[in-house]
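You will see chain A twice below: alongside chain B first, and alongside chain C after that.
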Partner chain A sequence: MNLLDIRNLSIVLKSATNPILAVDRVSLTMKEGEVRGLVGESGSGKSLLAQAIIGVLDDKWQVDADRFHWRGKDLMRLSIDERKAIISKDVAMIFQEPMACLDPTMTIGKQLTEAVDGEQLSGYFWQKNRQRKETAMTLLHKVGIKQHKICLKKYPHQLNDALCQRVMIAMALAKRPILLIADEPTTAMESTNQGQIFRLLASLNQLKNMSILLISHDLENVTHWTNTITVMYSGQFVEAGTTKHIFEQPFHPYTRALVDSSPKSNRGLPAKSRLMALPGSIPILQHLPIGCRLGPRCPRAQQECVIAPKVTNYHGHQFSCHFSLKDSY
Partner chain B sequence: MPILLEVNNLSKSFKLNRNWFDRKAFTALEPISFEVQAHQTLAIVGETGSGKSTLAKLLVGAELPTTGSIKLNGQTLQPGDFKQRCQHVRMIFQDSGTTLNPSLTIGQLLNEPLLLNTKLKEEDRHCLIRETLQKVGLLAEHMNFYPHMFSGGQKQRISLARAIILQPQVIILDEALASLDPSLRSQMINLLLDLQEQMGLAYILISHNLGIVRHFSDKIMVLSKGQVMEMGETSVILKKPKHQYTKKLILNQRFQLLHK
Partner chain C sequence: MLIFTLRRLNLFIFTIFLLTLLSFSLSFLFPGDQLINISGQVNATPKQLIVLAEQYQTNNNIFQQYFAYISHLFHGDLGISMASQLSISTEIMSFLPATIELTLVALFIAMLFGIPIGFIAAINHRKATDNIILSISMIGYSIPVFWLGLLAILIFSIQLGWLPSAGQLSLLFEIEHVTGIQFIDILLSDSPYKWQAFQDASAHIFLPACVIALAPATIFVRLARTAMMDVLDSQYIRAAKAKGLSFKQIIYHHAIRNAMVHVIRDVGLQFANLVTIAMVTEVIFSWPGIGRWLIESIFQRDHTSIQGGLLVLSSFIFIVHIVIDFIYAALNPLARESRHGT
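Take a look at the complex of A and B:
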């Protein structure tokens, strides 16, 4: 059974004059134990999608979906409290800006012990309190903070970005979630420490069968760690498939451009030669092109592109393009 | 090719004054010497705290060096003499959006360095701003726009325009490409390479994306804790790293790049 099954999810920013369609009919399925990458440049709506899954979008946003199932239960039909109970039990999220997401008025220790799941503890309250503290300590060790004693006493503003991010990851793992949504979990860290965090997540995925939705703006950062990848552009679904397919035989011109612009695939190119790049820039939300939003930048665009293409499935590899690169391989 | 920038024994240490009797110094950068030629790019890689930002600040003149000298075209750049330095050495910062004054239009922003450093008349300045904007791939009409009207990639282009408007010889890119989206990043790299060819610029690129470093730079310098671990041709060092630290750095990135 699919863990998460979302079909045609749209997110609209409500406004009196003209509502903005920020996410336009995006589908996403996740199996149990899967690591899926969600890739898109800034403004592609990937963070919005993640926030819609855990239901933290406020009244300004309107979320519609043909299907929004969590382990067979339709989340759209549940009341807010029921939904909150399910999501807070099974899903955890690592937010993008760690500094802004931690409570500035509480010490790290307090916040972390608060996040520890009460069901894992046993005994009288003093025993429970002690267990909480010990769990918080082991969590900090897990994410690679060695000086736990100092760290637990500090306030968020006293730590740097990378440490805050680690604390956020520890808090997300405290619940032992079934699905972990990691929204750019390693942006603030250095490259040497990024590997450490990804290895931790990968081992949790293998040992605890935890599914991970890894959100990133850079395709090549996630390829090593994911089984499948979904690509989005400017709020629209672009392509989904196994990591190998996406990287070696992308069907959509946008994915092709992303792969080509990454330094990895350019290893064969002589140094200082020009890189392949899409012309133009990402459209802003107020002026979105109609139809396929890649249209004005797409090298293969034709007249039909003013109508948004339907999602085509080809051996489990989904893409939405009128003029795909499928036949060129 | 002639040597453009020559750095001799440059070092920086900060004083830590705990109290009157207990004075210690923290060395951010051990003495280093290197040379950069025109049309060339020197990449500086290293972890945070390795002194690469300190080196950038010293080169651009934002910090005073403890020892050493910087020579441009054989002429010594005096520490504190900004008039001379800021015409030849310019810098592009990581968050380009926050370095633009939100209350000035792009035309006024680009006018400022010209007003302070050149004796051009108003029409000439206007022409030069127009030309520079076109060089970086923007339109002349953008002169009357305010910074908030641009996207991230365009803001990066504006800060590049501000850097090249005085026709400098050296541009320092302090993680300038890190925050950009991949498709904009390759556009920016192409633009920088084009400008290097046209104007004979020398770049000093601070980055921790080794893929970009491999593609973009001629020479590489690996810094760790203020010391130079390795320095030489990029292709040689990335293929056959000698030092343990460089190996670790490359291995970490290759680990991510390697495909299953």
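Take a look at the complex of A and C:
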């Protein structure tokens, strides 16, 4: 059974004159215990998708989906409050810029104890406060912070980014989530700290069988840690499959370009020659091309591309392109 | 925290220094003889003038004159009033507490109503509540205070007769002057009609305090609204939502505290404005405060009183400023530390 099954999720930026379709019918499935990467350029709508899943988008955005199943339960049929209760119980999210995500006027200890779920505690109310503190301590140990006493008394600005992100992960773990959505958890971090955070996430995945949806703009970086990858471009679904397939045999021209543009594949290039990259940049929301949004930048684009291609499934490897690279391998 | 306190203290000393410099230079800038301006001795005989000149070292250079003036200030000697020939420091001590009382009550009322209303407006952003609050605050801000004061007296004192129109306390009550702050004096006194006096004093202060509070309250509404909207838009609120906290929890535990940090900072700035409004209101409500006294001194061309009153009133505003800075530091951990490079 799939943990999360989303089919054709669209997110519209509401506006009186012309509503903008920021995310256009994207599908996403996740199995239990899986680490899935969600990759795309900045502005490709991947953060929006994550925020729509967890339900923290404000009312400027309108979210529609053909199917939204969570562990076999159809969330579309439930009321907003019920949906929120289920999602906030089982799904946790960590964000980019962890320091900005912690309340600057409250100590780490207070914020962490606040995140502890009251239902997990046993005992009378006068015991609960101590239990909460103990839980907060063990949570910090779990994310590899040994000096819990010092850390609990600190304010967010007194810690560095990696520690803040660890605290964010500790908060996320407080609810014992089944799925953790990590929205670019290591941007603006040094590479040693990046490695620490990724290793921590990987160990949580292995030890606690926690599924992780890892959002990133860096395809190469993500490949070390993920089982499967979904690629998005400008709010549209591009390709999904196992990490190996995506990296070695991409079917979609966009994924091909992403893989080719990584420094690793450019290593054999002679000095002072042009690096492989797609021309142009991602379109802004106000001027989206019709049909396949990659069209204007795509090296294989033809007339049919003005009609958005349907998702094709080839041995579990999904892609949406009229002129895929499938036959070229 | 120690460094923070020392920095504020440092700032306080320097500001007071500049204020004394200003008031000292005023004695030269005002028309008339500098010695008479600074001492207030209008009816001094030539003999007394020689003694005064010796005291204020008018024959020496300007630095010595200034230090003589400063030493007079430190001895609590602000000179005597040109109009009444009474010591200015005793006059100020008898008038200042009433102003402190009135302005603090007004500030309290303004904050008590302004800030929560602003928060409510921000939470209901882009809804009818928000628009109504905003337009009412705009109207409140644009009403001139002298007109509002007269209108309030006309309606609540004369037509309805609910509240007294002038003074600090009804003449029926005999309260000993201890601290000068009426409420504390009443509580300290052993009069059998203590509570009646307390009620009467409350009734007296209510109308002027409300009149003063209106304009600052509307500013607080706007400040609180913007601050709250910024906070609600921030990342940590989104993270708190993702944590599964309810809207109430988010507002009470995270949003209000963070919004208050921004609002408190501006409260200090608004206080000077509030004191200015209070000075006008004191005249309208015949409140025995320093504002009315200062305005009267201006009319009487009482240069010595103007210098002294200016010095004391601005020191008071500055002290309130510093107190508010401390409250700000208590709320905001970021402000407590000495930041490098800023």
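One rule holds for everything that comes next: the second predicted complex is superposed on the first by the 312 of 329 C-alpha atoms of A that agree within 3 Å, B and C clash if a C-alpha of one lies under 4 Å from a C-alpha of the other, contacts with A are read in each partner's own complex, and residues count from 1 in each chain.
Basically, contacts are C-beta pairs under 8 Å (C-beta built on N, C-alpha and C of every residue); 3 or more make two chains touch, one makes a residue touch a chain.
Here the structure is a predicted model, which is why all the values come from computation and not from measurement.
K.L.:
Please tell me, clash or fit, for chain B and chain C sharing chain A in the overlay.
P.N.:
When both complexes are placed onto chain A, chain B and chain C end up side by side without any clash.
K.L.:
Let me test your reading of the model: by the given contact rule, A:Met171 touches which partner, first (chain B), second (chain C), both or neither?
P.N.:
In the superposition, A:Met171 touches chain C alone.
K.L.:
Angle at chain A, chain B to chain C, CA centres, as a multiple of 10°?
P.N.:
70
K.L.:
First (chain B), second (chain C), both or neither: which does A:Asp103 touch?
P.N.:
Once the two structures are laid over each other on A, A:Asp103 reaches chain C alone.
K.L.:
Going by the contact rule set out at the top, does A:Ala277 touch chain B (first), chain C (second), both, or neither?
P.N.:
After superposing on A, A:Ala277 lies in contact with chain B but is clear of chain C.
K.L.:
Looking at A:His287 after the superposition, I want to know if it touches chain B, chain C, both of them or none. Which is it: first, second, both, neither?
P.N.:
Touch status of A:His287: no partner.
K.L.:
In the overlaid three-chain picture, which partner chain does A:Thr223 touch, first (chain B) or second (chain C), both, or neither?
P.N.:
first
K.L.:
Applying the touch criterion given at the start, work out whether A:Ala92 contacts chain B, chain C, both or neither, answering first, second, both or neither.
P.N.:
After superposition on chain A, A:Ala92 lies in contact with chain C alone.
K.L.:
Between chain B and chain C, which makes contact with more of the residues in chain A?
P.N.:
In the superposed model, B touches more residues of chain A.
K.L.:
Is A:Lys146 in contact with chain B, with chain C, with both, or with neither (first, second, both, neither)?
P.N.:
The answer is neither, since A:Lys146 touches no partner chain.
K.L.:
So if I take every C-alpha atom in chain B and every one in chain C after superposing, what is the smallest distance between them in Å?
P.N.:
Across the overlay, chain B reaches chain C at a minimum of 11 Å between C-alpha atoms.
K.L.:
For chain C, which residues are in contact with chain A within the complex?
P.N.:
Those in contact with chain A are residues 234-236, 238-245, 249, 253-254, 257-258, 261, 331-334.
K.L.:
Chain A touches which residues of chain B in the complex?
P.N.:
Checking each residue of chain B against chain A gives 47-48, 151-154, 181-187, 189-190, 193, 208-212, 214-218, 234-235, 248-249, 252-253, 255-260.
K.L.:
Can you name the residues of chain A that touch chain C in the complex?
P.N.:
51, 54, 56, 84, 88-89, 92-93, 95, 97, 100-106, 114-115, 155, 157, 168, 171, 175
K.L.:
So in the complex, the part of chain A that touches chain B is made up of which residues?
P.N.:
Touch list, chain A to chain B: 41-42, 190-192, 194-195, 198, 217-221, 223-224, 243-244, 247, 257-258, 261-264, 266-267, 269, 271-272, 274-279, 281-282, 284.
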